[in-house]
């Protein structure tokens, strides 16, 4: 679940941050019985976390090592004065063809839970080939509640079509059936537990990375919804189930005040299957430190 | 529509409340032409209303009289200090096998529109077998608007697959097609009218009990959305159409200031069919007292 | 995109406004390869904009020139004291049969982004036959931000089933597959560009006119969500992706401070296809005045 160490310490001056990124044809194990051909940023799904400070100047060198054309759109970045770096084929640039490279340059002026994804054939590349990753722009002035965060979690939900697992260039149409569902590219039981301890202040950043809407439900804890699409809400609200649609992000805070073991899952009933069988999909378990693991616990090992 | 008499009068001390509940294999008439095998809590769908006060201690004895395993999850209850009562197989308990029983004990510390549902094979048992019911925890300090409520209505929306109506253990996968839709287990015209009179303050508690998102639309009245998942919003807002996703709850208030006859329905167009034919699904009619019923009124009788 | 000249100047007294409207069987070019039989209000999709002032008295004479029965529901209008004009067959009136007419009379007391649509066989007529149009009731006291608006845009999203394109009376069931998606009845590239200039204050009124939920995403600009279902929110919030469900409306404000060329689209991945091929669907481009059009720009001409 990408549990991080919390916020990087602040820095006053804008920095120039340069990243190299490749796009690779790799196979992702989405579920125990589902090996899936994806286009992976740096050969992984989700792509690598790009974590910068508000105001940083970014230079991102992209090398397309796949057999098809791509671009990268930086979802949420405003591209003020830099629209040619928005990554949309036919609108802001020509596609990055197979074997070619492209350099994106822009300022991270927009804060929060952002992400990046391909903008070529998005129904396939974004919908079912894993071409997305998180980008987090830490604000210069975080909210008080953000300063209390002790655990950072990213959950990017998406769907998969087993019928298209071996065939680049196919799938992702309204006629195809999504039959696997995932958080961070993994279907339960391949997902990671969310290990916390009492007193933790856990921030979860939900991303609707694919084409479905997910109903993320925390057991044992209400979630304080603090940000929508990376921007703070004037009136945070509590929920135990947060709908996360395609392209959306919600930041939520969980106060870890309830030691135990609690499932955390997508409440769309069909989403907790894998190849039509329960259980699977976007399911994890909040495991508090110190709770005994009985032999019937599904994730005992 | 489960029109109730309003709030039970307050009580100062926490009470111990004990309930016996069975799970039965019964047939539910969802639509005039659809008899459906369900697992009914106390042989009914929705299951019986559990209506308690904030702070009550609950003891719920569950007897599984069906041929398959189940558990009960109390959705919204935080299970503080009682996580083993959260009702999730493989995480908090072993399933309640056929013919076995289990007792849940927990405190109703979390207020509002809660619910309960099975957590075994949820894609089938919750998605298409009716294993859910409402649980309402009245707050010790209700909001002023809650104290004005004169009519209480519960609407739990879900979907059905006619292909699985006779076959326990099947259905509820992404490959199956939901072709019937309901409020409180009934498809129009089997739904109940919502009978009110001028001056009523009507609270509707919407529940996304199944796997679909429903767009609940009131004719003739705006709805003030006051609670999300049982908890009060700092900033209630008006809507004429409220999206209710899987697992979510919204409490809304309607001021009955507009005598007449108004349809009230799910605005997802395919949801107002039954077996592919219009009209059906989550449709009811707000009937004000004293409005004449013409011979062409669909619910004249 | 129905770019208008902004708000009509206010008028103090309520006016009686009379409109004649017909319903016609016409063919709509939804996509370059999709000619679709629709029921068009005044032979068009969306139907004509009805733009009135708060408090106006409306008289709308409807002539049904099609071969099937219809009604018109005025979605959002409260019909206070005029429920027989709510346009619901079997509840408020008998259907308007082929060749017959009906006159609706009501007061536009409810402000904001309203709409109208048929209420007969809604799964087909509203879902896939284009029987909807916008109705805007300007408030007597607009918000300060509304007074700053320089460009008005309406976006009504819906879906289409190519299998039903030639057959009135069919389609729109859960068994049918929507394989074309549109804004204002058009799939990209038949959609219109959104031409603005720096300094514009653009209001977009999103409508969920069909049966799907759309994730409207603006590149290069955050959107301030100011109204839900036509009514002002106490706490507007920013978003780059707005979920718009069936029947819902959201008003958003975009400050045009970022000259360039930015795509604007539905983020539901399958929705940006047409007949299974990318790109199509609810896609447009924000074109700032003065930006050069390179030869690779998809909408150069």
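For clarity, chains are labelled A, B and C in written order, and residue numbers in each chain start from 1.
In this text, contacts are C-beta pairs under 8 Å (C-beta built on N, C-alpha and C of every residue); 3 or more make two chains touch, one makes a residue touch a chain.
Model, not experiment: these values are computed from the prediction.
Comparing the contact residues of subunit A and subunit C by number shows a mostly separate set, under half of all numbers used being common to the two copies.
Subunit B and subunit C carry the same sequence, and matching their CA atoms takes a turn of 120 degrees, rounded to a multiple of 5. Centroids of subunit A and subunit C (each the mean of its C-alpha atoms) stand 32 Å apart. Annotation for subunit C: residues 213, 235, 243 touch two or more other chains. The part of subunit B that touches subunit C in the complex is made up of residues 177-179, 213, 215, 217, 219-222, 235, 237-241, 243, 257-263, 267-270, 272-273, 276-278, 285, 291, 296-298. Residues 73, 75-76, 78-81, 83-84, 86, 88, 90-92, 94, 110, 119, 121-124, 126-127, 172-175, 208, 210-211, 213, 228-231, 233-235, 243, 245-248 of subunit A are the ones that touch subunit C when the two sit in their complex.
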